[in-house]
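For reference, chains read A, B, C, D and E in written order, and residue numbers begin at 1 within each chain.
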Amino acid sequence: MLPRVIDAHRVLPELVWCGFGVLAMLMQPFVRSRHFFTFLALIGALAGTAASVTSAMHAGPGFDGLVQSDSFSFFFRLLVGTVAFLVVLVAEPYLERERLPFAEFYALLLFATAGMGVLASAQELLTAFIGLEMSSISSYILAGYRRDSLKSSESAMKYFLLGSFATAFFLYGIALVYGSSGTTKLTGMGSEELFHSTYFELGLAMILIGLGFKVAAAPFQVWTPDVYEGAPTPVTALFSAGPKAAAFALLLRIFATVPAATHFWFWAFWVLAALTMFAGNLGALVQTNVKRLLAYSSIAHAGYIMVAFAAVTFMARSGAAEAAPAYAAVLFYLLSYALVKLGAFTIVSQLGGAGEKNLSLDDYAGLSQRQPWVAAALSVYLLSLLGLPVTAGFFGKFYIFKAAVNSHLLWLAVLMAINSVIGAYYYLRVIVVMYMRESSAEAAAAPPVGFPLTVNFVLAFTVAGTLYFGLFPNQVLNFILQPTLLGH
Amino acid sequence: MVPTNYYVILSAILFGLGVFAFIFKRNIITIFMSIELMLNAVNLAFVAFSQPLGKVDGQVFVLFVIVVAAAEAAVGLGIIILIARNRQTLNVERVDLLKL
Amino acid sequence: MPKYPMLEFLWIVPLLPLLGSAVNGLFGAKWPNKIVNWVAIGSTGLSFLGALEAVREFFESGQVLFHEEFFTWIAAGNFRAGFDLQMDQLTVVMVLVVTGVGWLIHIYATGYMAHEGGYYRFFSYLNLFMFFMLILVLAANYVLLFVGWEGVGLSSYLLIGFYFLKKSASDAGKKAFIVNRIGDFGFMLGMFLLFKAFGTLDFAQLFAKADRWPADAMGHLGTFTIACLLLFMGACGKSAQLPLYVWLPDAMEGPTPVSALIHAATMVTAGVYVVARSHILFAHAPTAMLVVAIVGGTTAFFAATIGLVQTDIKKVLAYSTVSQLGYMFLACGVGAFSAGIFHLMTHAFFKALLFLAAGSVIHAMGGEQDMLRMGGLSKKIRWTYVTMLTATLAIAGFPPFAGFFSKDSILLSTFENEYGGRNVGYALYGFGLATALLTAFYMFRLIFLTFHGRPRFDEHKVHVHESPNNMLAPLMVLALLSIVGGWLAAPAMLGTGPDYFSKFLQPVFGGVEAAGAEAEARSLEVTLAIVAVLTALLGAAVAYWLYLKRPEKTDALAKSLKPAYSTLLNKYYVDELYAAVVVKPLLWISTNVLWKGADIAGIDGAVNGIAEGATAIGDGVRHAQSGNTRSYAVWVVVGALVVIGVIFFWPFGGKAVIGMVH
Amino acid sequence: MGREMTAPLVVFFVLAALAVIGAVSLILQKHPIHSALSLIVVMVALAGLYLLLGAEFVAAVQIIVYGGAIMVLFVFVIMLLNAGVEEHTNLSKMAGAPGLLLVVALAGFVAATIAKSAESVHAAPQTGELASTLEISNMIFKDFVYPFELTSFLILVAVLGATVLAQREKS
Amino acid sequence: MLHGGHLLSVLIFFPAVGALALLLLRGDDHKFIRIIALIVSLAEFLFSLLMIRAVPAGAAGYHLEEYAKWINQPPINYHLGVDGISLFLVILTTFLTPISILASWKSIAHRVKEFFVMLLMLEVGVVGVFLSLDLFLFFLFWEVMLIPMALLIGIWGHDRRVYAAVKFILYTMAGSIFMLIGIIWLYNATGTFDLPTIQTLLHTPASQGGLELAPRTETLLFLAFFLAFAIKVPLFPLHTWLPDAHVEAPTAGSVMLAGVLLKMGTYGMIRFCLPLFPEASRRAAGWVAALAIIGIIYGALVAMVQPNLKKLVAYSSVSHLGFVVLGIFAFHNISMQGAVYQMLAHGISTGALFLLVGMLYDRRHTFEISEYGGLATPMPKLAAFFLFVALSSLGLPMLNGFVGEYLVLLGTYQRHWGWASWAALGVIFSACYLLWSYQRVFFGEITREKNRALPDASAREKWILATMAVVTLWMGIGSTFITKRMAAAAQDVIDQVEPQRPYEAAAPSEFKRNVVKLNATPTQTEQDPARAAANIVARERLGIR
């Protein structure tokens, strides 16, 4: 029962990412050129992403069902790989500006990405747990990467303490699930008996608590604003796009594979979704720090995604094919959301200036005058977050609405609608500040913030993606909606 | 023989105490220790479950958890040192720059 | 070459003044007055000639009704409003009065307005008025009539407010328009109801259908009654009847030719015209007829009483106009449509004359309008005096002046009127006769105060001078018409022949007025005529006694009847009443209740309140974010409890989702 | 509890009591060192329970890695940072009485749920056989080789993280 | 699947191309930018006129349809079409855009390029809304249009512009998000977003494969759509965004807002609420009419007491649009045509009013009526135009406002005389507030020295206003040009709401010039002898010719 080559194929992306991470670590004492590490990291991220194609071509369960290489994991590997690639590009000027070591950052980034990849492909809870820890522990470190910054270290501390706290719940949930089903493989949890098992129910509840924390569902969301604010902005960009997507991926896989989970989780998701939307949007209403505002907005969007989860439950009754639109809603939303958040945080990162001083909304006043293209790009992101047509965010929201309405979750849809309006207010506020207020005197006098090529590439990529998926979501959707998405 | 439930109840109590400790302790290190307590509770549950199931994988999980705990300890203590160095305190309540 | 070119192109008649208006309005500013004159007088004059020719062709063709559809103006569903003109005998009267009198007044105005600023503007407006008035009388359906109806209102608004620098003038213009709009409200609803009932608003079709419908019973608010009352509401507004008469006295803010043309001779009679035009409908609505008669009679008397004490020469004439219009409605109300139209015509002559003469007086006095500052003008402006006296005699109803005949036929019809078997005519007749008395009194009061007695002005400062010829000539023509205008009915009075005027209108109003009236009826007519003349004489005598013989008695009388006097002087406080009951409360409610209350505080307050509420909650959510890791842990525990609570204890169907029925 | 008090049961209760006392002591101790020592007591007690459950390899690892390595690290850091008695700041209301209630509610619920449902854990067919270390290693290196490999990267991350975070500024 | 070339696509995207061109061209030469924008918008106007040929009078249904697959999951298609109702709304849009551009010629001095780009993008959105036959596509344009408008208000507006812009967008979004839910619900029920298809399905009995909605569902769906439209219209009591938006918007913004954007709401009601949810529409009609009537009177009364000229015009819009809504929900083909006509007329009149108010603002930089007074003396031409426009707005016959208002009231009266009677009060009040404000602004002596030397209308302003005046007059007289083209479409809508009303079902005949009325009357036999004689004469006269 030794691992076969094909098993390696099925986890190739993670191995590649880890490999490049190790490589970066090993080279660190010997190479001084930071460009080298950037290059290495880019290649690593790309290579891993490319490797996900191979692993998708060798679709199937790996390691006797610990992982599953299918279109679903392919999608998420592509997503997190791309996110990692873009984050490297964003981080390069940031690290240089803040005078932070390169090699370690990239190594941690790649390890985190690998962890997310594991989460996305895991079909067994322990593997998932290890993946989760890989991405989490890397994240803790990355959050505190600006060691001399009080905020950064505090962010790391909070993330670490609370993250570990939540992980303990997750783990306890695994224990209970294991106890009641006798296995940790998701595929082994299909039995009818489990519908009546209290242990299993409690275990799933605990797992939901752990993962709810990771995806920042209210009332677990409290850590998010602090951590997002304190972490170095490129890392925040990673946080909002990567780990969250990975955690959702795991949730989705549990949903798809464990019938009892859909059974037990439905109302929990209903309630969490409602709470999360309101917590995020209402909290964001009063924020004046852009980074923090975007953090709250992340919470709100997690809430929207959870609406789709509630819909998944409902649709899953009629079989995987019926639930496909709801899965599609989640996946498409995560995609659009990742693009947008990444872009937005990129701009925040760049405009923050040395030591991340310019994060206040006031610093964005008159941005459209000073740096029209940047303002336009940020507007595109914000409008996408707001869910305006011609952006990917619109389709994301549209599909969620559709899933919700399909599942007769009208009230949830209505709550989401109300939240969309609340959300519109603060997104617009940023646009208003950029376009309708005049720059402060010193901001106007200061030279425009430089946007190096790498950052511009990220912006162009994300804007183009946002608009492209906003106009032609076909290809992605066709991919997502294929019946063999989840490999079984 | 000791019923498995007993172990599981004990693990629940320990887990609860861990949660309790997490909330009530102010020293970051102690808080971290309470996490370790929670992980220990989980381990107990794993082992307890593995016995009646007649499978060793529960024990294997414990090993993994211990490894992860070790890793967490390394990173966590690193972070604690960082905080202590930056803030000159280990009181978690004094580390509240980020809020609202 | 068509056989009847003018009828074929009847639209030219109204269009000419419109062209004149447009040309003057667009280019007149840069032109000398002379060219403006040519355009204005030329267009109306040609229009008058065109009308004459059209009338000739109409009679030549021997048609009962000429009707021509020029183009479709509005069409929707089964509704069609065309630019359709028609001509029948009623139209003939109206068209000739409008174009004829209008033309004369245009000529007069060239003299009167010669020294005013905005000369071109004045004539542009005046021509515009002619256009709309012609549309009004030529229209072949209610909608087009309404075009003219509103259009003359507009012109009236513009002309009253001609001196726009004066607040009182622009106020008066606005008031005229708005009060008219109140009437139009009824008019429109009347049209809607008619359309609902008959499916058309074309006169010919509508009346044809209506004629075959059963009439409404007495006191029954059937379609006819309601429609007629609504139409009459419009007529009340336009023709300044109670309770919508308030605008007309104020309208005297306009230049005097305007008062003569619009607010005496033509526009204000449009209401009478509409009632007469709709006589078939009214004939089916006896209750509405009674209302018309009562409103007309009351207004006639009411306005006359106010006229008694006014000192502004134009105001007296204005109230007199209101009163005379009441007379016309009285006639219509008792079914004597042709009498009403007859009075409309004669009134157009003598009232226009009165106004023009008054204008001449004002012109002579250098703008003074207060009769108490006049006196003894008869010698200085002899022509004006003569013509004005003619008109006064006519309006007071002395034979053989025009007013005598028209008023007499109204009183006669009133006397004979019955409603539901009871003769209500006596009461109406009483009103009519009393009005005649008052009319004679205030008109002679006007003459005596203005032209007789000692001058009560500083003769050194005011250089009294006779008006130029272009002002006097229209006066002469109108004076002539005021004398002979009523003679058409004279044969009937004298028993030598039919009432030619009624006979002329007979195709329109149907078989009325037996030509060779029986002896009994004629003796009644003669009796009533004598009574009327005696009444008028009495009025004139009292005026003579009070204002020439014993002027000191006037004040004493005024003092002894102080409350009544000041009530009259203040026009029964109607304006004040409207202000207090309608205008002010409306403004107050609009400002404080609707705008500041409902809009700002209520709706906007609620919206902003929601926003603020959301922000407040947001602030609360924010404060959950205390920054303290321990409290965050508590939140995580809360979340854990929520999740567990929902999973284990959810009351709404719990976990039964899977089993949920579609 | 109508169960006969057998020897294992007695041992269980003793060890359980020890563990709970250790945990409570962890909470009640004011000084981190004392808390750490309390935690070690818990761990040792748990190791005993593992033995009772027949998982002696796990028990050994528990003592060596947990009680030995990890806790030593803790104590070392406490010493390094010279951490004193816990301060009494009372900044968070949330963490006060309501927090207590919530935690009690949570723990109580979990324990009660578990106690109530003896159903899923099959009446333990106590074989008495100890799981062989071989079996465990087989499992690790065959069935769970992938997570095992991943843990190596995890350790790497931890090492990397510790160095990144704790290294002195190069000024 | 293409029937009429790509004219509609061109109409939608041509301004976008223009905007893009502007964006990429040099941004410093303001005059150049203005001219390009003007040319683009004029060309667009000419294109839109081409549509008239394709929409024959009396033909119901959609013309110039374009159809292309766009998104396959769910099947969202690019489906465009124009009918008699949308035709003129599009033309109104394309007409007002160059006018707005001209109106902003001088008054927009900063961020010129962006301004015109926004204006053109706004045109894209609005034209798209009117031409979309796919619910999703419709919603897309509906939302997209918000942003340029909000920016127009927020960047180039007056003091409280930001508040107004945000309020505008939030109000609209609050409504439209529910519409989105409604659209999705419809999709779920029908499996398509295609408007004609859904319409057919909803009007087919379930036994024949159609979709019959449960009353409650239908009502909810109706409300979801209606709310979005009612906010846009705006219907009382959802109107409070409008005064703010109008007052703060720059002139061009106000013109577009009042002229076109509000119509999107009423257009939506006609296009979606009535045909898709006839039962619910009928049930709601009383309530909607009540709100519309309240709006008419309330808007007028509040307008009357406004101290701010622009706010006055804004509230007058509330009042005028009330007529439109009333006309729509009276379910009478006359009132329906009246409503559409009123939409167009209001676009022109109120647009012109805002232009004039903007011109005053350009001179004095205030909207306070009390700051003006006696302006007729220094600027007689502007005063004349203002009066003309005010008269058209208060519904003077022979000007555009009358036709719509009259038809609405007439049609409404045929069904519900009470509604019409209450609504007709608006006719009185509109005269009150317009004439009163006109008096306060233009009449009397000059009270502020600043006003004494104000320049009269410039040549550019005169051209703008003259164009508006000509259109006003033309619409007042030649209304059949428009009504005959939209009659069939309006009838179609009515038929869908109340198919069982035969007496109006007769297709409106086209009226020819000089048809002697008595011949055209269907009730020949009803003539009485005297009239018949007149007939004969009339016929003879025709014979003579």
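Remarks
Everything below uses one rule, namely that contacts are C-beta pairs under 8 Å (C-beta built on N, C-alpha and C of every residue); 3 or more make two chains touch, one makes a residue touch a chain.
If you're wondering where the values come from, they're calculated on a predicted model, not measured in any experiment.
Chains that touch both chain D and chain E are the following: A, C. The chains that touch chain B as well as chain D are A, C. The chain with its Cα centroid farthest from the Cα centroid of chain E is D.
Distance from chain A peaks, on a Cα-centroid basis, for C. Chain centroids computed from C-alpha atoms place E closest to the centre of all protein C-alpha atoms shown.
Per-chain CA centroids place chain A at a distance of 26 Å from chain B.
Centre-to-centre separation of chain A and chain C, using mean CA positions: 77 Å.
Chain centres here are Cα means. That of chain B falls 67 Å from that of chain E.
In whole angstrom, the spacing between the mean C-alpha positions of chain C and chain E is 35.
Annotation for chain D: residues touching 2 or more other chains are 91-92, 95, 99, 103, 106, 110, 113-114, 121, 143-144, 147, 151, 154, 157-158, 161, 163-165. Residue positions of chain B with contacts to 2 or more other chains are 8, 15, 18-19, 22-24, 26, 31-32, 48-49, 53, 57, 64, 68, 71-72, 75, 78-80, 82, 92-93, 95-99. Residue numbers of chain C whose C-beta contacts span two or more other chains: 622, 624-631, 633-635, 637-638, 640, 644, 648.
Chains touching one another, given as pairs, are A-B, A-C, A-D, A-E, B-C, B-D, C-D, C-E.
Against chain C, in their complex, chain A makes its touches with residues 157-158, 161-162, 165-166, 169, 201-202, 204-206, 208-209, 212-213, 217-220, 222-223, 225-226, 259, 262-268, 270-272, 275, 278-279, 281-287, 313-314, 317, 422, 425. Residue ranges of chain C in contact with chain A, taken from their complex: 611, 614-615, 617-622, 624-625, 627, 629, 631-633, 635-636, 638-640, 642-644, 646-648, 650, 652-655, 657-658, 660. Residues of chain A touching chain E in their complex: 325, 328, 369, 383, 388-390, 394, 398, 401-402, 405-406, 410, 413-414, 417, 420-421, 424-425, 428-429, 432, 435-437, 472-474, 477-478, 481. Within the complex formed with chain D, the residues of chain B that make contact are 1-10, 12-21, 23-27, 29-30, 32-34, 36-37, 40, 43-44, 47-54, 56-57, 59-60, 62-64, 66-75, 77-82, 84, 89-91, 93-94, 96.
Against chain B, in their complex, chain D makes its touches with residues 3, 6, 8-9, 12, 16, 19-20, 23-24, 26-27, 32, 35-36, 39, 42-43, 46, 49-50, 52-55, 57-58, 61-62, 65-66, 69-70, 73-74, 77-78, 80-81, 83, 86-89, 91-92, 95, 99-100, 103-104, 106-108, 110-111, 114-115, 118, 121-127, 131, 135-136, 139-140, 143-144, 147-148, 151, 154-155, 157-159, 161-166.
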